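Beneath this line is the structure, given in structure tokens, with notes to follow.
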Amino acid sequence: MQDFLTYGIYGTAIFLMLLGVYAVLVKRNLIKIVIGLSILDSGLHLLFVAIGFISGGTAPIFSPMAIESANKMVDPVPQALVLTAIVIGFGVTAVALALVIRLYRHHNTINIDEIKNLKW
Amino acid sequence: MKKLLIFGLLIFIGVEILDVLSEVPFGEDRMKVSNFYLEKSPEVLKVSNVVTAIVVNFRGFDTLGEVTVLFLAAAGIGSILYRRRSVHTELNPKRTSTEASNIVQAGAKVLFPLIILLGAYIFVHGHLTPGGGFQGGAIIATGFLLMLISYRKFFVKHSGVTWIESIAGIVFVGLGLLGMVYGGTFLENFLPAGELNSLISGGIIGIIYIAVGFKVGAELTGVLDTLLNISQDEE
Amino acid sequence: MMNSKISVISKLFFTWLIVFVLWLAFTTSIEIYEVLTGLFISFIISLFTFKSFTSRGLKGLSPIKLIYVIKYIFVFLIALVKANFHVAKIVLSPSLPINPGIVEFESKLDSDFAKMILANSITLTPGTLSVDVIGNRFYIHWLEVKDSDSEVAFNEIAKQFEDVLLKIYS
Amino acid sequence: MIVIEYLAYFLITLGAVFLFLGALGIFRMPDIYTRIQAGTKSSTLGAMSLVLGTGLLGFVSFTPGYPWLIKTIIIVIFVAIANPLSSHALARGAYKDKIAPFTKENIDAYQEVEKNIEEEMEDAK
Amino acid sequence: MSYFFIIIISIIAVGAILAFVRFVKGPTAADRVVALDTISFMAIALMVFLGFVLERFIYIDVSLVYAVLGFVGVITIARYLEGGI
Amino acid sequence: MVIADPIYYIVLPLLTAFLLPLFGKLYKPLIGIIPGFVFLFLAYMSVILMIDIRPDNPIITKIAGWTPPFGINLVFSSFSGFIASLISIMGFLIWAYSYKFKKVGFDDSLKYFILLLLVVTGSIGIVLTGDIFNLFVFLEITGISAYALTALYRGRDGAEAAFKFLLIGAFASSMILLAIILLYTQVGTLNMAEISVRMHEVDLKIKVLIFILFFVGFGIEAEMFPLNGWVPDAYSQAPGPIAAVFAGMVAKAGIYALVRIIYLMFDLEGAFHLLLIMGVITMIIAEVVALRQEALRRMLAYSSIGQMGLIMIAFSFNTEQGVFAAIFLMFNHAIIKSLLFLTTSFLVYNTKTKLISDLDGFGKKMPLVSLLFGLGAFAIVGLPPFSGFWSKLYVLIAAANQHMEVIIALILSVSVVEIIYYFKVISRLYFRKASEEIPIQKPSLNSSIVMIVLGLIIISVGVYPDLITGLIENATTSLLNKDLYIEKILPGLAEIIN
Amino acid sequence: MMNSLFLLLFILFGSAILSYIGHRISETLGNIIVVVGAFSASIWFFVGFETPAEFSYKIADFDALWSFSSYSWIFAALVSILSPLALLYSTSYMKGKERLGTFYFNFFLSILGMIGITMSQDFISLFIFWEIMTWSSYLIVIYLGKDVEKVGIKYMIFSAIGAYALLMGIVLINREVGSLLIEDAFAYFPQIQFSTQLLIGILLLIGFSIKSAMMPLHVWAPGAYSNSPMSYTAVFSGALSKMGIYGLGLVFIRLLSSGEFTLINEIFAWAGAITTLMATFYAIIQDDAKKLLAYSSIGQLGYIIVGVAIGTELSIMAAIYLAILHAAFKGNLFMAIGAVEKQTGSTDMTLVTGLIRKMPLTFFSTLVSIIALAAVPPLGGFVGKWMLYQSLLASEHFFLIIVIFTASTAAFLYSFKILYSLFLGQEEPEFKNIKEAPLPMLIPMILLSLFLIVTGTFPGILFEPIANGMKYLGFNDVNWNMSLLVNAWGDEVNLQHVSMYIGTIFIVAFIFISLKNRKRTRYVTTKDISTSGEIPLPHENLSFKLNFYKPFERAISPVMKKTMDSIYDEIGNGLNALFQFIRYIYSGNGQGYALYVIIFFVLLLLLKNQIFGL
């Protein structure tokens, strides 16, 4: 069971990451490339949250309905960090999309193969 | 051929990383500094949401950076996509047919304040319940998104966005600097911590998270507005 | 002039009230700080949303209308449950006995909100789905078209809801 | 109290079953409109039922229990308003995306409306 | 309790698999959205249920937020499909 | 609250960036002026702080009152302080160069200054922070502002360059984030000093993967081959002063991060070999490609990569002399490449085609700019008596003392290539007749002063290197003395760790 | 009180700056500053301070020391004599040219570099001055904007290769010796491992021999010499190239003195000899006087290299002696050619002709220089060659003698060609109005001619400083007394007498022939059809100078076909193609770049065992 979870959850995260990378490397459509980047991010975030999980732990919130003892809580640090990572990922995605729009205006295409004014 | 190569490379990478991760079993307790946070957050800061305590106080500096990233994204998009003056005055006749249906519009009207309220609720209670400034801000932006896509004529006042994000940013940094004045270090929690699980607790943490909420909400809204209105504006 | 001025305040208060009630529901607390914060926040929110949120303001709160609202909920729930089992039967039967199509009819409602409620109700009752509403004309996707005539369609699909809604929005 | 608890269990079970049926509908139905019909709506109803059931269960199981009920009701109301809207929007979107509905007797009153709009667009050009 | 929990979870899980198959098969974007929407409703419901099982009231907030995001997401895609964005 | 505190390096520019839109609403010219005051203050603060800093008394700034490793901290040591000061002073100069910056197709000075403030902040943050995740955050701030700045001009292919930059940059940040995740599972902390202490507990297999991830991730920012595809495009499309920012700050922050990882956090011998190999490859390929460039900015961009390769080589020796040489190179490259980009900005602006072949006779048309470009070229190829000579000499001496004759020969061969392409430009500037007379946009007074100041620095350090060697020696000691660093950040180390 | 050495450099640097500023204001002012600055530096060098002046300092943790050794003083003196003359000449030669400020700035800087090199007693200063000299001379080479791509770049590439070979040697010395003081290097060098000694030696030799234009590293020189303004080429060829000789002397005699390096000595001696031979051949076939002189310079430097490389007492003396003389006569020749160029507008020997009557003084100095060059007694060239042959005989380098002798003989050919083509022969109507060169140009030429005559007549004048320099190089008791040298067989030969006897014979013969031919000379123009039986095309140049040495050219053509130039060109083209190929790595495809990242990552993962020793 433990192995299944380990490989299953980590495997999913890595699969997402690699899927994203694959899209970035193979897709010709700029939008799809940006989506690939987002998927890559999602995989990373999933992995990050997953490594903070502790079997039987709950959210690290001392709520009044059920004051928990700290030793039953999952690691809060990855959650805090992943929040940051998500926001950063959003920022990058937004800028990427803006660039795609600019490129579309400039080249009238979103095919990355046709956007090669700069080389060598 | 190239795809096959890429596929092979990625499989190799996946196997390598998974191989290493297999030595990091899922669900094990690996906490070191986190134990300190879990202990100090309710005791010293009186913040029941430990994630919030970390985000706003223990690692508040990260959050300042994060807020900056959003601010930056908004500014960056603004500079990448300059806006044409004509966007709001004259709608593209080609597009009139694609106005959202009346039903969606009516629904959006009703749900808009409720979604905003949910966002506000979330960032006001960032130190008590799940979520916080970022999540609340994102929900608020979602509310605006709903309006933006339902009404083509709905637009966000950019000067309002500017004011909100600037003032919220100043509140964040200002509170941090006040921490230097009254506590000695930047972002030091100089206000009384209060009582665990009451709204007024956690000292500056709650205030900062509210500011973050405003800032994130304003920035995301601005970003969405820019992206949506620019894409409507064709060359 | 006077009328419109009153209606602004009425709209604002109506919105404030609804939003504040929702706040109370969110917080499920009547701690003083929570309430004060809630009043403040809901006021701010209603300030910039009241214009679109309601068209009639506090008038919507008259007791008779509330009774009709409750009635509507009952009518709706009954229709909902009835039709749901109906659909369950369809989905579970191996032959999938359906005859889908898009029909149209006209409604007498003129409030956008009422039209939305009607459309939503139609959508939520299984077997029918509002595809579009243009003016007063409703275009409905119907899983089992009994008759493409708009009169029949109206009676089958919308009449029971519209009757109550007309009472509420009079 | 026990009645409420049983009602809760009933609602939860019912919700789960409807969620399942909704998924089955999506799986089986022939086109997007019929899938929206049978699918999302049943699953919405299922979700509402399950959430409300849980709320009732929370109401009787915890002290204080009322927050559970109130919060779950908020979700239920939200879902009740939002879901038909999104179903409708999706159906309309699909239609305007040129996905023709599956019909046995070719009953499509909306076809003409779309045609008119397209003609208008041509004129506008 | 735990049996009940497992049964409920299992029913929904089977449904989720069906929806997922639709998500993969498509064939149109709208079909995928419908499938995804269904799965997210399952998640919303389950999250509330899980909150009860784990005795964490706060999970309900998460579910509400999820519902809002899902809703606006679907509307956005729908608007995209009809060419409104 | 004290007058000079490293926290101001981050907080003040951020505050200014947040405020700038409001200032703009009050009175438009404030947009250009306010950042100048901030940069000036930071530059002034740098001087104040650097006077007292010795390797054994770094300033450790706690944040939010939590001692490391629980809170994030800034470390202003002789090394990080030196680089941070360099960046902030460069920031001021870049500001002074461009505060009246107005060119066709660019009227949004508000965005420009916000992005400039943030790119500087990000770079300084990378250098000063003592927390690995915080470093990641600053890296992203730097990255995103760099993407936006690359695409700032509308008439150019900036968006294309920025998109490539973003694509590779996103890979970099993903890898670094993955490395941080893995690292966190192993050491349970994000404080770099504590990571360093705990690193020996980490299984070698995991450690190596983490290292490789960091290496690739920071390698992108540090312009390492083959991760540097973005460089020529971004450098050539960004506004001139921004190209200077990339060369002078962003790349410096990248190599700084790389070095911090290798020297402080990891105890891997192989890391130095790897750095050496990659440095050599980076240097050779870049210089060789630079030789074949027709566009001036692209040539400078490749030249920058080549210099970064040389810096990597110097760091890879893992000796006092090597580090000394590397830091000296960082300093020189920042100053000289900035001068080159700033002058090039005017040269290229007046050519329209941006090609080297269009520069005929500019020595006469733009005497000052051409002279300063020539000075920069002389300095960057390492001709005495200019500052670039000393750093190159130190690299060679460090290599010689490592008995790496082949490396010396390679560095020198590449220098010959460097000389060829720079002198090609100079000979065109001065010893060719202009083909046609076109109206010339002369540099404004402020820009001229900045360029002259940079030129004077190059000459002064060249003639009297001892101006700067003391600081660099301290920086070297500070970087190499890992135990001191840890001891200063985590004084009661045993108590906390156990 | 400023150190006198420092002051010397200060004067030169000040002159550089001031002449730049002066020329920005007015040419006359600039010229005045140039002349005053040049002569005051020179005067200060010769009379202003005592020779053992020292200036030691620390720069960037290196000990640096300035002081003239008796050896380096010779070269400094050479610079100090030649450069003010060249600058004086230049004020007139460069009249009316553009950007004179820049020109004189670089001129002074290159003088500063040369003086600096000679006063550097540590390698770091030496290298710095070496580079200053190099880049300032580069800027002058391309100053006229002729063939900038080919000539300038070539000069810079070879200079850079030389400088960097030098630099690599220097850093290796630093590692082995732990100091960069030249004396320390001499002292500790023998204790270094042999292979390292060898490496350092070769590196330094390459560095120095490039500046002295040794084959096969000479290809930069013809273009560089002939493309610079002649006033600079006088210094360039006369003095600057001697810096290489200076360095070669240091390396051969002081560093590689252990006797294990004879092979290197041999190689360099042969390289020098071949340089001489080939360059002489090339000189013969040139039609441009500048080019001819450029190749001639290379050839002359070859003799000197032979002398230095042989490394015996006599050969070194010969080399230094030749170096000094070469500076004088080649400086003089370049000035003379410059004068011709200035007055006629061309240095093409097929066009310019019959200037003997128009420019008699220029002719005179050319003649004197040519006599010195061709080693015809009584002028000094003969003495130097004589000493060189003797040293070769003594060290039993018989084949070298043959090569060098062949070259010397061939040198007659080009000497005659230049003298005949430009000054003798038919007079052209288009050169009717040519006047003698202006005074500022004539004075240096006359002075140099006098110098040549005096030192030729009394070669002993030069032997005293040379003997002093020899002491520095380790030859403590050079056997000389004014005019007496011991030949290989132990006989005492009074060089002065030998030189005078043979010289008298030559002069008598010359006067006799001139007088005899005087009456028979008929002046015709090159286009006068009466000189030939054939019917010429109009305006065809019938001068036989067109094919002056055609048969010779035909004879040597198989050897000349594959020039070093073309070999380097091929290497350059190959490298360029390779570089262009590498350039395609930067394909411009963002996805490609992203793929590089992934591939790099995978490579590291694959190689991690090798890199990190897992």
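Each chain carries a letter (A, B, C, D, E, F and G) given by its place in the written order, and its residues are counted from 1.
One rule holds for everything that comes next: a contact is a pair of C-beta atoms (placed from the backbone, for glycine too) under 8 Å apart; a residue touches a chain by one contact, two chains touch by 3 or more.
Predicted model only: the values in this text are computed from it and were never measured.
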item	value
Those chains which touch chain F and also touch chain B	A, G
Count of contact steps on the shortest path from chain C to chain F	2
Most centrally placed chain, judged by C-alpha centres	F
Most widely separated chain from chain D, with each centre as the mean of CA atoms	G
Which of D-E and B-E has more C-beta pairs touching across its chains	D-E
Distance between the centres, which are taken as Cα means, of chain D and chain A, whole angstrom	29
Gap in Å, rounded to a whole number, between the CA centres of chain G and chain E	87
CA centroid of chain C to CA centroid of chain E, Å	23
Rounded Å distance, chain F centre to chain G centre (Cα mean)	44
Residues of chain E whose C-beta touches two or more other chains	55, 57-59, 61, 64, 68, 71, 75, 79, 82-83
Sites on chain F at which at least two other chains make contact	133, 137, 140, 144, 147-148, 151, 159-160, 162-164, 167, 171, 178, 184-185, 190, 205, 209, 232-233, 289, 292
Junction residues of chain B - those touching two or more other chains	6, 10, 13, 16-17, 21, 24, 30-31, 33-34, 37, 59, 62, 65-66, 69, 72-73, 76-77, 80, 98, 100-101, 103-104, 107, 110-111, 114, 118, 129-130, 231
Those chain pairs that satisfy the touch definition	A-B, A-E, A-F, A-G, B-C, B-D, B-E, B-F, B-G, C-D, D-E, F-G
Chain B-facing residues of chain F, complex	1, 5, 7, 10-11, 14-15, 17-19, 21-22, 25, 61-66, 69-72, 108, 111-112, 114-115, 118, 121, 125, 131, 133-134, 137-138, 140-141, 144-145, 147-148, 151-152, 154, 159, 162, 178, 182, 184-191, 203, 205-206, 209
Residue ranges of chain A in contact with chain G within the complex	21, 24-26, 33, 112-113, 116-120
Residues of chain F that touch chain G when the two form their complex	160, 163-164, 167-168, 171-172, 175, 204-205, 208-209, 211-213, 215-216, 219-220, 226-227, 229-230, 232-233, 268-271, 273-274, 285, 288-289, 291-292, 364, 378, 383-385, 389-390, 393, 396-397, 399-401, 403, 405, 408-409, 412-413, 415-416, 419-420, 423-424, 427-428, 430-433, 464-466, 469
Contacting residues of chain B [partner chain A, same complex]	2-3, 6-7, 10-11, 13-14, 17-18, 21-22, 24-31, 33-35, 37-39, 41-42, 48-51, 53-55, 59, 62-63, 65-66, 69-70, 72-73, 76-77, 80-81, 128-130, 134, 196-197, 216, 220, 223, 226-227, 230-231, 235
Residue ranges of chain B touching chain C (in the complex, touch as defined)	101-103, 105-107, 109-110, 112-114, 116-118, 120-121, 124-125, 198-200
